[in-house]
Amino acid sequence: GEKASAPSAGAAPPLTKITVQTDWYAQPEHGGFYQALVKGYYREVGLDVTINQGGPNAIPRQKVATGAVEFGVGRTDELLVAAGQGVPLVALGALMQRDPQAILFHKESGIRDFKDLDGRGLMAEPGAVWLKILEKKMGLKMSTLPLDYGLSRFLADKKFVQQCFITNEPFYVRQQGADAGTLLLSDAGIRPYRIWYTSRSFLTKNPAVARAFTAASIRGWRDYIEGDRKEADALIGSLNPKMVPEFIAYSVGVMREFKLVEGDPSKGERIGQIDPVRLANEITELTAIGVLGRPVKLADVWDETFLPEDVRAAAARK
Amino acid sequence: MSTTSQSRLAACLLPALTAVALIVLWYAFKAVFRVPSFVFPAPHEILAAAWDERAVLWSAALVTVRGALLGFTSAVTVGFLMAMALGFSPRIKASFYPLILVLQMMPVTILAPIFVLWLGQGLPSIVAITFVIGFFPVVANTTMGFISVDRNLRELFVMCSATRAQEVRYLRIPGAMPYFLTGMKIAGTLAPIGAIVGDFLAGSAQGGVGGIGYMTISYFSQLKTPALFATGLVACVMGFLFVGGVNWLHWRLLHSWHDSMVKKE
Amino acid sequence: MSTTSQSRLAACLLPALTAVALIVLWYAFKAVFRVPSFVFPAPHEILAAAWDERAVLWSAALVTVRGALLGFTSAVTVGFLMAMALGFSPRIKASFYPLILVLQMMPVTILAPIFVLWLGQGLPSIVAITFVIGFFPVVANTTMGFISVDRNLRELFVMCSATRAQEVRYLRIPGAMPYFLTGMKIAGTLAPIGAIVGDFLAGSAQGGVGGIGYMTISYFSQLKTPALFATGLVACVMGFLFVGGVNWLHWRLLHSWHDSMVKKE
Amino acid sequence: MNAGPIVKVSALKKRFGSGPLVLDGIDLEVNRGEFVSFIGPSGCGKSTLLRLIAGLTSASEGSITVEEVAPEKARKRMFFVFQDANLIPWRRVAENVELPLLLRGDDPVHRRECVARMLEVVGLAGAAEKYPWQLSGGMKMRVSIARALSVAPDILLLDEPFGALDEMTRDRLNEDLLAIRSRDPFTGFFVTHSVAEAVFLSSRIVVLGANPGRVTAVIDVPFAYPRQAELRESPAFLRLLATTAQALRAVRPA
Amino acid sequence: MNAGPIVKVSALKKRFGSGPLVLDGIDLEVNRGEFVSFIGPSGCGKSTLLRLIAGLTSASEGSITVEEVAPEKARKRMFFVFQDANLIPWRRVAENVELPLLLRGDDPVHRRECVARMLEVVGLAGAAEKYPWQLSGGMKMRVSIARALSVAPDILLLDEPFGALDEMTRDRLNEDLLAIRSRDPFTGFFVTHSVAEAVFLSSRIVVLGANPGRVTAVIDVPFAYPRQAELRESPAFLRLLATTAQALRAVRPA
């Protein structure tokens, strides 16, 4: 993958080389990692980090599980499904408290709420967990069209409905003058965390590395949301030419507006945090709709000891 | 007599032996390199997954086989007619061959949204995509067959004052059969793939069950790797049926005269 | 003389005329059905987009052409060698042909993750995917060429007490050339597509610019449809270069003797 | 139809591509009903001349007319027995013979009768269902002859049709050819390496020299048609045979 | 080498697939240095018999041995001039002649010399660079003959090699063949339709009957080798010619 590493400084203690596999091309939704990279936060904790851009076939779970890379970026539901298939991956921290995944529709279509999706066609990633939840838990009957990563069909058809990132597609369709609405999946109670994770075996052998990576990443994310993003955005833009400044500004704006990264402090949420109770609920829910091949326990996928003290404390305080 | 039955036995036994050898290698490979099953499952796991998911796979296969069959038929028919037109006159060839190449070389991912827009989501678009993927091998081969016709036989037809149409019907078409059948064999292996890609780009699913292409992504995202490979198994079975059909046709049409079939005695 | 230069003129003019007719139809179609440009842009919009994005497209094309070239070369080489092995003995054919079919009929979507895991994201995986897509047409055609060799010539080689290897080298390989070249032509049109699909499934956006496959997704998701079609244009140009190369080879190898090339006088 | 020559060749030159002259300055006028044989050394251009008359290749210089039009335009009245049998590999023997009749649109009943009769003439009634690859060399040529005869053309061009046949079959077919011609008259152009055959069949014999091909002698054969097998033993026949062989031997081989 | 017959055919029967008998009960012993001609009506099985001796097809019943082994095993000592020229379309004339020498590993200098000499013999020195499709029918056969002669095999099987040639070229090649044979002796098996050719060349003539193919007469030719062109005019020759023609005529045509 594309190696985005910080320029090497002078003679420092030997750094531990690790690689992070993201789930898509470089974008603001990975901004915290790039921020930590360009600001040298990883280097400060003794890590020489390479960020592998993802893409349609990034397969971060497989890569982490086989040891091809050390850390992966994804969602908790993906991790639980993997655990259900006997793939031992452990979540370390959350880059987003709220998942930006949403439903994109034309306002003219008369969709106001999730139940209005009943009987419609929906372009979405085949086999996605949230799709099953909408179908099984909410009893919606939809025909699904496999995701093609494009928007032209949406724009051409006022009745077309598709999955989107709230930080992403609405920018382009509004640019083209479409009156698009979105429904955030988390508003339907579908609330996976976006996380970084590693394999159980790596964790056992290198707890310090995992801890350091987690702390530096959280620092990077905090800084990306609150501080000066210029360098990180420049890196993102150079890695993925689609990421022009107006678009990044839009994306980050939405992330801020919906508090995707930091969550709702009034509920005790904060950057990096994973709440064991919420994760346990997710396990229960996924077990109920039958997407877990075998029973999964919280301890299989989650070890809170890797989160920094302050973050852990915030969850407990809630 | 005994040599024929021997060679027939060999024709059945050898692939079986290779398959066994392959499976042994497969297990050995998995054991030696400790390849986990979610990356590369063992044959028995694939079979077990195929059995577990048989209902889903069966209905998915039915969806896909329809697209593959229609796409294959249209690719072969249109490809053949197109090659006939191209072989009919060098002018037609000069005019249209580049166009056919363009259609062939346009990535399907670009064409798919257009198809979907014109033909709607579902079977027609899937068929169109399968068609686009399968028809060029038929055109290329059949055209080559048409222009490779023995020049002496061509002179015979000239002496018979055969019309262009007669020459095509009685000389070029039968003479191009060995090429045409080869193109058809390639189209046959591409048809299931085409239908799967088509399903991926223009299919739709009800209640989480679509065609094989849909199931492939679905199993993939669920990390159900053995089931993913089971979809591959289904694709292969489909492909073998197509190729088997073409081989049968090959035998039917060529065994009495063509060098590829006639045993020397 | 005059007929040759006339026909040469026709060979250049006719495709141009068809292209013009097509472009007129294209605009008419857009006007009549009011097809919006984000679905199906007009030719001038595509050209404008190609010009605007020329820097990006050029470096993307360089990335893809590398994958296509390597994949094409390996598909042709391995396909040819494989066909030679298959044609060498009916036993080898019985043993391995089904296997080759399986590899061919496995949907790339299933193979891609395996390639990515083994070979990593990037060029090696792209080449592997291009290879898988392009090699069967070569194998199928070349094998058919090998087994279609004139039975009388085969007897001549028997009388010469030719070894198997000599028969392959001096009889089967040159005799199979017309088929092989046809297979190569098909592989040539598939190679850019293979590299694009490969880039799509296993690419890695090197140094900020991925290959054409990456640009395809990128433009598609940004609703830059004219630029999307410009990637198709680039794919076509690439494909024409490949096919042109194969056509040149065809001419080189066959013009002195084969019925498809020798003008009758 | 008019009374002029049916085939008129004048100052004909032929070369292939930029190669040497193959035929140089051929002049020939053939009237309706004649039977002209061409003899000459191997490679002197006999087949080429026949192909020029049939319009299968074009003259480099000079002109050829058939019935006063270009050969291509008169093709419906001609048929060709090629030097190699030129059978269609995927058609059975009977189907091969039937082909020209089928192509010109004869009705099936007539086709079947005609094919059966002609296969009988060439002694291949029993091989009607075979494929070409199952035939001996001589059988292939006989199929080709049957095919040409079934067409009953006005002008028949025969390029060494009997070369692959044993003397008995050959003599019999010579006689059959004359018999057919007396019923269904045609103008014949005939290439052979057998001087005896040429004398027996022809009204005129054209001897060609080689390098480049040109006419070195023209011998008129005065025997009246119909000719019988006994002609072969007549002193006049043997005399003419000797003359012709002499004329042929005078030609420098290619 | 031993003194037994070089080729021994006994009680040989041949049918293709489940077809009728093509050859029925052929017995034949041929000694080293003999030159045996086969004559018989078209389709009687002459080519098939030659192909059986060469091991290109197998006997249905009975046995054939060449040098006391199966024909397949003795193939290195044999070469075949096929009834159709059987040239390789993508090789030039010289390359076609060179092929068997190339395949058996002769060195390039010798190959080049040998090819040039043999093309000279068949009168095609000027056509060395042509492709087969540029040759006349007779030229193709001559290339095929040159190819066979360049191999200088112990046993040479010739299937109507001179059928497509004019009499002069044919006579000259007959004489050349005998001259080559007197330098480089080989055992010859020869199919022809020309009785005169058979008598001139052979030490023995085997007359085959048709349906099924069987030996109807064997005629010994007593003239000593080397034979000269003048032999053709000798009364003994003409007498034997008549006898042989008689024997051939006694055969019912196929």
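Per-chain residue numbering starts at 1, and chain names A, B, C, D and E are given in the order in which the chains are listed.
Everything below uses one rule, namely that a contact is a pair of C-beta atoms (placed from the backbone, for glycine too) under 8 Å apart; a residue touches a chain by one contact, two chains touch by 3 or more.
Since the structure is predicted, the reported quantities are computational estimates derived from the model, not experimental observations.
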(request) Look at both sides of the subunit D and subunit E contact and report whether the same residue positions are involved, with over half shared, or different ones. (result) same
(request) Find the chain most remote from subunit D, comparing centres computed as mean CA coordinates. (result) A
(request) Go ahead and note the Å separation of the Cα centroids belonging to subunit A and subunit E. (result) 85
(message) From the mean C-alpha coordinate of subunit A to that of subunit C, what's the distance rounded to whole Å?
(response) 38
(message) Can you compute the centre-to-centre distance for subunit D and subunit E, using the mean CA position of each chain? Integer Å is fine.
(response) 28
(message) Give me the residue numbers in subunit C that touch at least two other chains, ranges are fine.
(response) 39, 113, 117, 151, 155, 200, 220, 258, 262, 264
(request) Spell out, as numbers or ranges, the residues of subunit A touching 2 or more other chains. (result) 62, 66, 148, 150, 152, 156
(message) Residues of subunit E that contact two or more other chains, please.
(response) 16, 56, 84, 133
(request) Going by the contact rule at the top, pick out the subunit C residues touching subunit B in the complex. (result) 7, 10-11, 14-15, 17-19, 22, 39-40, 90-91, 94-99, 101-102, 104-110, 113-114, 117, 136-137, 140-141, 144, 147-151, 154-155, 178-179, 181-182, 185-186, 189, 192-193, 196-197, 200, 212-213, 216, 220, 228-229, 231-232, 235-236, 238-240, 243, 258-260, 262, 264
(message) Applying the document's contact rule, which stretches of subunit B touch subunit A when the two form their complex?
(response) 36-39, 109, 112-113, 116-117, 121, 199-208, 210, 213-215, 217-225
(message) Using the touch definition from the top, list the residues of subunit C that touch subunit E in their complex.
(response) 152-153, 155-162, 166, 170-171, 174-175, 177, 256-258, 262
(request) Within their complex, state which residues of subunit A touch subunit B. (result) 61-62, 65-66, 78, 81-82, 85-87, 121, 125-128, 131-132, 135, 141, 143-146, 148, 150, 152-153, 156, 291, 293
(request) Provide the residue numbers of subunit D that touch subunit E in the complex, in ascending order. (result) 16, 39-43, 46-48, 83-84, 123, 134-139, 142, 159-160, 163-170, 172, 193-195, 245, 248-249, 251, 253-254
